[in-house]
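The two complexes that follow have chain A in common; it is paired with chain B in the first and with chain C in the second.
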Partner chain A sequence: MEFLSYLITGISLGSIYAIIALGYTMVYGIAKMLNFAHGDVIMVGGYVAFYSMTYASGSLLGDSPSAVATGLSTLVCVLLAMAVCTVLGIVIEGLAYRPLREAGSLAVLITAIGVSYFLQNAAQLLFGANPKNFTPVISGQLTLFGGQLRISYVALLTVAACIVIMVCLTLFTSRSKMGKAMRACSEDKGAAQLMGIHVNRTISMTFAIGSALAAIAGVLLCSYSPVLLPTTGSMPGIKAFTAAVFGGIGSIPGAFLGGILLGIIESMAQAYISTQLSNAILFAVLIVVLLVKPSGLLGKYVPEKV
Partner chain B sequence: MLKVNDINVYYGAIHAIKGVSFEVNDGEIVTLIGANGAGKTTTLQTVSGLLHSRTGSIEFMGENIMGQPAHKLVGKGLAQVPEGRRVFLQMTVEENLEMGAYSQPKSSVAGGLERAYELFPRLSERRRQVAGTLSGGEQQMLAMGRALMSNPKLLMLDEPSMGLAPILVEQIFDIIRSLHKAGTTILLVEQNAQMALSVADRAYVLETGKIVSTGTGAQLLNDESVKKAYLGG
Partner chain C sequence: MKNYFKNMKTITKVDYATYLGVIAAFVIVTLLQSAGMLTRSMTGMLVPICCYICMAVSLNLTVGILGELSLGHAGFMSVGAFSGVIVSMSLQSSVPNELVRLVLALVMGAILAAVVGFVVGIPVLRLRGDYLAIVTLAFGEIIKGIINCLLVGWDENGLHIALNIDGTKTMDSLHLGENSIQIIKGAQGAAGNHRIATFTAGFVLVMITLIIVLNLVRSRTGRAVMAIRDNRIAAESVGINVTKYKLIAFVTSAALAGASGALFGLNYSSVSADQFDFNTSILVLVYVVLGGLGNIWGSIIATVVLYVLPEALREFSDYRMLAYAVVLILVMLATNNECFKAALSRVIPKRRKGAAANG
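Right, the complex of A and B next:
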């Protein structure tokens, strides 16, 4: 029973990693760059949700709001966080990365690290360095087997959100015109242009989707561990990047699989080996996987036909 | 239909195209021939908007299109089959064709697919297959079918015979002839000068970024210097 409980913790934590990893992997797949500022977009999403939820519960809802009213206002706050992050993602891409489209990948990488620090410092300036106490979007837990197994509703919500996002993204990239254009751009930007695809707009769209997902991840992450700081996004961001590489960067199912596995490994390592060493174990597993399969679990090596 | 006037294209400090001018009239097949590195592909990419010239003008259907980005030109009726085919290897045959119709209204896609499959029955058999599993010849057909999905007025083909067995080269050129008969104007870039000159109405010979001679296909086929340089004596 204990094992089951750790497994569920791992899967729900992994779902958060997976949602973040999707942003990394989509941007990498299309723009061929590692957007290290992605983790900090999560943090911005967290702050927007925090302030709008505080405002809603303080000024908009009465003293004892009904469950429906609370739920609706939380939903609106999450949507607001998604909207802000979407705009932020588009602005970051347009201002920081687009001018470097023809530059070497190192220049873009360093810029991404710069954007990451910029966001963290801007957040510290705007919101202060003191931790904020985030109210989980949903409270309570499910008790099973006569109290032996408890699953928080946050964990259930996280897993459900991850599955819904995964299904929607898969349908989007396989069925919609924009989704197919994204896949075309990820393979060959020049040929995509010759088809009439506006490559810059497609890349922008990818950042928009990734950043909206980051906002959802931010809200879930802060509901899971309710301390919000300007650096909140950086460690989960790095772990999600690891998850994306683990699963095969550029692959959407890979990000999903990598995220979930990483969450389970982390949870198990914390439970059975050592809390302090859990991150070391996590990265050790990554190194081993990459030694055996350099393209990641689901990454494919596509030979070029001449 | 297409009037290229005095274009100069640079790769950094390298002056790749030095004042090239040529034109393609309505209904013609025009070919640019020349050796490796003569600037054939660069010229085509400049016309299609992937590269940009520092001088001159490019007029397409009476409009100066110079400096316009490639993705805008497709909708105006200018399609290019790029060198090395460059089909989307991880997408299915049908998805590749759909991408070709990206600039077209959704309603025209079904009709376009039907036409492409009629022209290339092989593609129809493989419509659900990923393009990476096709043979070189099939990929060339897919690249051509994909370009035709945008209903181009001018179709530009860059080395369609590259890397193909002689029998496939014949097939590809048969298709080029039939497209031309159906009314498509064609600009063809080829290293296979023999084949190219035999289908072309007019031809230009490109050497190190300059046009060195021009004439009808038949004239150049019998031209001594062209024979020596490109047709194996």
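Right, the complex of A and C next:
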């Protein structure tokens, strides 16, 4: 039973990683860049949700709001966070990354790091360095087997959200016109442009989707561990990036699988081996997997052409 | 003599100018220091600047010359720092001379970091591109995690080392005898160190790093390494042993990072593993990329400027890191902008094509 509860914790943590990793992997697939600022977009999403939820419960809802009203206002707040992050993602892409489209990958990487520093320090100035106590979007827990197994509703919501996002994204990239354009761009930008695809708009769209996902991930992450800091996003960002590589970067099912596995490994390592060494174990597993399968679990093997 | 300079290759001239520039900077700073014209905060920055110069130059060997993106360079610095602190603290009674102890600590830091670099390098250098980057990142985090669990103490019987895996061990589990020294206390890191690092030692380390890296780059080995960077398959087909030369560059880079880490660790009375995290690796990478990939003197100048910049922006207090970020983005945008490049080449008419300034 103990094992099962650790497994569930792992899966719900892994679902958060998976949602973040989806953003990483889509941006990498299409723009061939490591967007290090992605983790900080998560943090921005968390702050927007925090302030709007505090405002809503403080001045809009009154003293004893009904469950429906609370739920609706939370939903609106999450949507607001998504909207802010979407705009932020498009602005970052347009201002910082688009002028470097033709530049080397390291130049883009350093710019992304610059954007990440910028967001963190701007958040520190705007919101202060003190940790904020985030109220989870839903409270309470499910009790099974006569109290032996407790699953928080947040964990269930996280897993459900992750599956829904994953299915929607897969359908979107395989069926819709914009999704097809995205796949075409990630295959060959020049050819896509010749086929009449607006490459810049497609890349902006990718950033918009990735950033909206980051906002959802931010809300879920802060519900999972309710302390919000300007640096909240950076470590989950790095781990989600690891998850994306783990599953094969550029592949949507890979990011999902990598995220879930990473969450389970982290939770198991914390429970059974060592809390302090859990990150070290996580990264050690990653190294072993990459050595055995250098393109990640579900990554495509690209033969080298001379 | 005049002919000697005239017939020298441009690249050799640049190398000599780099040495001379570093020596001149050292002399000027020493003179200013003895004249009392440096503030306390500036004096405190001298040794870290030397350490970061060595870090940047050695990372440039991996990223610029070898062409592999490494995001875990601070891991080697961490190995060097903690082995240096252990050596310096445990030899306190047997080697009273601080200078000898400092040299021993630096050598030990370099050796251990080189060993770790070798062990990591063999599997890691098989991977390519972003996968190599993520594995070096992972490696840096692993080192941080292990050192956060490390307990090291010293008494008459020698070193006592324990790994605090389940979080239950404390310094008492080492069973130290009398006259013991607690060197590394897990997540707290090492505290109460003797600060034996000096600016002169830092200058000597920078010079040694420069001599090693510049000679390596201009040698047959260096040309082989650059051939691998430019086209691995072509290099392999003319009989260059890719793994061997990659390892040479990677291990040299790790060893130099270890030495600079040892100097860095001995410059502070306390160090902890969290100081050498992913952000430190990124910081050094920023120095390297802004200085120009493969450009050694560029790394030096970028390190000095970018290390001093946040301090110089101190009057803006809260806004300084924000300004730093904006400067970073603007510099990257400007250096990759065609119009700006064209304007620059009009100002400096005969701009020599850099060795690998394609970053």
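Annotations
In this section, the second predicted complex is superposed on the first by the 301 of 306 C-alpha atoms of A that agree within 3 Å, B and C clash if a C-alpha of one lies under 4 Å from a C-alpha of the other, contacts with A are read in each partner's own complex, and residues count from 1 in each chain.
In this text, contacts are C-beta pairs under 8 Å (C-beta built on N, C-alpha and C of every residue); 3 or more make two chains touch, one makes a residue touch a chain.
From a predicted model like this one, the values you see are computed outputs, not experimental measurements.
Contacts of A:I113 after superposition: chain C is touched, whereas chain B is not reached. Here chain B and chain C are compared by how many residues of chain A each touches, and C touches more. Applying the stated contact rule after C-alpha superposition, one finds that A:H198 touches chain B and leaves chain C untouched. Of the two partner chains, neither chain B nor chain C is touched by A:I90. In the superposed pair of complexes, A:L291 makes contact with chain C only, with no contact to chain B. Chain A uses residues 306 to touch chain B in one structure and chain C in the other.
If you check the complex, the residues on chain A that touch chain B are 177, 180-181, 183-184, 187-188, 190-199, 302, 305-306.
Within the complex formed with chain A, the residues of chain B that make contact are 48-50, 69-72, 74-75, 79-80, 82, 84, 86-91, 95, 98-100, 102-103, 106, 132, 136, 139, 146-147, 150, 163. Only residues 63, 69, 123-124, 126-128, 130-131, 133-135, 137-139, 141-142, 144-146, 148-149, 164-167, 187, 233, 278, 282, 285-286, 289-290, 293, 318-319, 321-322, 324-326, 328-329, 332-333, 335-337, 358-359 of chain C touch chain A when the two sit together in their complex. Of all residues in chain A, those touching chain C in their complex are 28, 34, 96, 99-100, 102-104, 106-107, 109-111, 113-115, 117-118, 121-122, 124-125, 238, 241-242, 245, 249, 273-280, 283-284, 286-287, 290-291, 294-296, 304, 306.
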